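Two complexes are shown next, each including subunit A; its partner changes from subunit B in the first to subunit C in the second.
Right, the complex of A and B next:
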């Protein structure tokens, strides 16, 4: 049953299993474990980013193509929900229409970009997506009549999702279940559903073909799999999931603007999350997104303290100041591309495999290695 | 018999005919724009300004296409070398403010040349370190190249933050390069743009000459075709390629100085912003082609200028539209040199 839900792709490392269970447990009960707005905000953001990063991993880790337009599709989702809710009023039908249009537009745009650039080489895809994403960002901030420009859009959500709404008369476990918590659970379950769906996709025969293309494009083509078609489909599926993540963020924030969805720094964050967590494993996306968002929210404060402690030393203090945490992440990023190309998850898995094979070797008198 | 073989060898070695169609496109675009704009003097002003702008873009883009064409390395960090070059001009401008404000043309030129030399030297050095630490382990792996050069970009950007601070810095053009120059009735061109044209043409000619007419250029091109053979002949191919990378980075530094003076404001993100434009240019021109890069730069600048005049809203996406049109016609750019 459990293996069915996970599409047969189990964590394959006890430490990883524990880490994932902790993340799942905390995210499931976040509204009841913590009080105050900040932790719940962080939890919701983690849910959204796990979905966003997992969908990016489908492209980068499984198919082996680099896109810099993933935040554009994230933004299309966000703006789809935002524009529908602000134009048509806070109703469920408006939201559904917004989601539908956003996901359809995202898929079509991805298909067009793919047909233009995936025919030639993977490098073209990276460069063209960067160019298109930048143009989209400019358009979103210039067409202020439609998107609200630099200020973005504020809108209200359907009544059940508003903070003033109460689902039950009585508080549960000492927490009043208001509209925010209902929204949180919508975000949580949608992200969980999306994640499991992606897990299904990558462990299907289709996913195996993607990995074959990643490993050797020509061999895959020679075996009769049309590479361009498979890459384009992967790109479309991935961007639709990104658009869904954008919708969830728009629902949670009740605001959509260029900075929350489209900016290049979010793209960099997503890239860091995938690589540090582990390319080619969706669990890596979950680990990477969780670690990075917690770090993003709490690390600058820590680094600020370190910087203050080193205040006397002129250059060191500016290296350690809270604004410079991207410097250290950049270094970590490069090191992980070189030394742990499969990220934290890959490292944990190989560690566990080594231990297991050593244990069996010891039991069988150290001959198994050669016997196989 | 011997005559005939000699003749055959000669034809085999003759350079392939030049593909003229891409060269004619910018001319055609300019001619089509003339009746749309209506006024001849406006058209001349727009066209000259665009050509000069195109030269600045070319200087910035040339290093990227050089490194890709010769080394098969895609450097997403190229943008940050542009920022580095631009910020290095501060090292010259700050102590030599007197030269900048001086009415003497010689001192003005001197300060510009110094800026360029310092910027090229420093960004070339950065290039050497970058090649050694970041790129060398990932030759022939495009996916990883994109990732690590992106990481390198983040790191160098942050280092610039540490040393120069995050707020924008304004710089002044040398006295004699400010303002415009009348080139006819109602036709004005900024003086600085003329300098950009001179430097751009010089860079283009120098690259073409070095690659096609010198021994080093010959070795580099041979090394691209068959590295083992060149090594077997006793040349250190590694060292040649490191030199190419440093040259590419130095060109980015030169482009950074030119771009910085053009904008007269330095921000740390300036290189990354312009990187997108550079990518569009090299995709249009054909990744790795220097001639294509020049034509792509001019084309992008012309189209941007004309659309900005005719229909400002469209100008926002004119580059992307141009790129899509070119790719529909030639999917690998105007001059496809990419070895798939």
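Right, the complex of A and C next:
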């Protein structure tokens, strides 16, 4: 049963299993484990980014497609929900329409880009996506009547999702279950469902073909797989999931602007999360997204504290000030790529594999020894 | 028997690279139940001819017909789906996947199971079983989970053949299947090709340098030289022909 839910793709490392269970446990109970807005905010962002990064890994890690337009599709999702809610009012039907249009548009744009340009070499495809994404970003900030321009859009969500709404009269485990918590669980379950769906896709017969294309495009074609068609379908599935992630972020933030969805710094974050976690494994996306979001949110504060502690030492204190957190994140990134080129998940799996094979050798060695 | 229609035909098949004509107006028909060896000196255009037939290269002129249908403008994947199977001279596999996964990909291509996005492999026991059978047949069962990039060269060659068999094509195209294999591995490969030959519905094309291999397997030999078809006939006849002996194969024949 569990194997079926995970599509037969188990973590294959005890440390990884524990890490994933901790993430799942904390995210499931986040509203009741922490108080205050900040931790729940971080938890919701982790959910959204796990889905976004996992969908990007379908492209980069599994199919070997380098795209810089992934945040564009994230943005299409966000703006789809935002425009529908701000134009048509905060109703469920407006939200549903926004989601439907956003995901359909994302899929169609991906299909068009894919069929036209996935036959060219990887580097050219990357350039094309970069151009399209830049054009889209400019368009979103220029068409201010429609998108709110640089300021973005503020809007209301359906009543059940507002902070003032109470689901139950009495608090549960000391926490009043308000609309924010309802929204959180919508985000959480949608992200979980999307993640499991992607896990199914990468472990399906279709997923095998994607990996074959990544490994040897020429031979995949010779075996009878039309490579462009497979790449385009992968791209459509991936971008529809990115659009869903965008919708979830739009619901959570009740604001959508270029900086929350479209900016290239988010694209770079997504790339880093995939690489740190481990390309070609969706669990890597979960680990990478969680670590990076926590670092982005808590590293500055930690640095600030360390900076204060080291206030007396001239040069050290300036390196430890809160503003320097990005420098330290950069160093962490370089170290992790240097020491774990296959990402955290890849490293954990290799470690466990080595340990198991060593144990088998020892056992086999022992028996032959006795036989002699 | 003369009523048997050719499975594969090339008509005036030509490719030019700039001024160089690598394959020049080759017209040839291949009948089912026959193993045709394609021989000729290095650079004669044998592999290029193969690439034109299986779609890795686009012809400059001429036609390729499969089951009487013109496939000249189809991409390689569509030709494979129509029954043309090709093994490559330089080993051409999926290096970071396991032996079993490599074979399964070929079985899956034939079973048209590539586009099931939401199925699990446990639901496709037909594909899994067929892949296991082929794994046994090429004697790689003990290397089932081995990552292909780490296999010895001979095993990679065997896997290359396994992928072709798994496709169950009507036309098998082998490009020097025994190249770089150690002497004790060759009989196994020849045995597999010999088995295929016994199936009268299969058409087999074989590019091969080793003349003893050609002699033991081929029912027909065609000779390419500078991209042109210069001889075509039964092995004894072709090997005896003065033109072939002197001009193109003389040295090799004396050795053999």
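The rule we apply is simple: the second predicted complex is superposed on the first by the 326 of 372 C-alpha atoms of A that agree within 3 Å, B and C clash if a C-alpha of one lies under 4 Å from a C-alpha of the other, contacts with A are read in each partner's own complex, and residues count from 1 in each chain.
Keep in mind that, in the parts below, a contact is a pair of C-beta atoms (placed from the backbone, for glycine too) under 8 Å apart; a residue touches a chain by one contact, two chains touch by 3 or more.
Every value quoted in this text rests on a predicted model; they were computed, and no experiment measured them.
Residue contacts after overlaying the shared chain place A:123 against subunit B, while subunit C stays out of touching range.
Contact with neither subunit B nor subunit C is seen for A:174 once the two complexes are overlaid on the shared chain.
In the superposed model, A:201 lies in contact with subunit C only, and not with subunit B.
Legend: residue contacts after superposition of the two complexes on their common chain; A:211 is shown touching subunit C, with no touch to subunit B.
When the shared chain is aligned, no partner comes close enough to touch A:145: not subunit B, not subunit C. Contacts of A:36 after superposition on the shared chain: neither subunit B nor subunit C is touched. Of the two partner chains, subunit C is the only one that A:4 touches; subunit B does not reach it. Of the two partner chains, subunit B is the only one touched by A:324; subunit C is not. Remark: subunit B residues 74, 76, 134, 137-138, 142-144, 146-148, 150-152, 154-155, 158-159, 161-162, 166, 272, 275-276, 279-280, 282-283, 287, 313, 316-317, 319-320, 323-324, 327-328, 331-332, 338, 340 touch subunit A in the complex.
Interface residues of subunit C facing subunit A in the complex, by the touch rule stated above, are 54, 56, 75-78, 80-81, 86, 88, 92-97, 101, 104-106, 108-110, 113-122, 124, 127, 163, 167. Within the complex formed with subunit B, the residues of subunit A that make contact are 64-66, 116-117, 119-124, 126-128, 130-132, 134-135, 138-139, 142, 264, 268, 271, 275, 315, 318-319, 323-324, 326-327, 329-331, 333-334, 337-338, 341. Partner subunit C is touched in their complex by these residues of subunit A: 4, 7-8, 200-201, 203-209, 211-212, 215-216, 218-227, 230, 233, 237.
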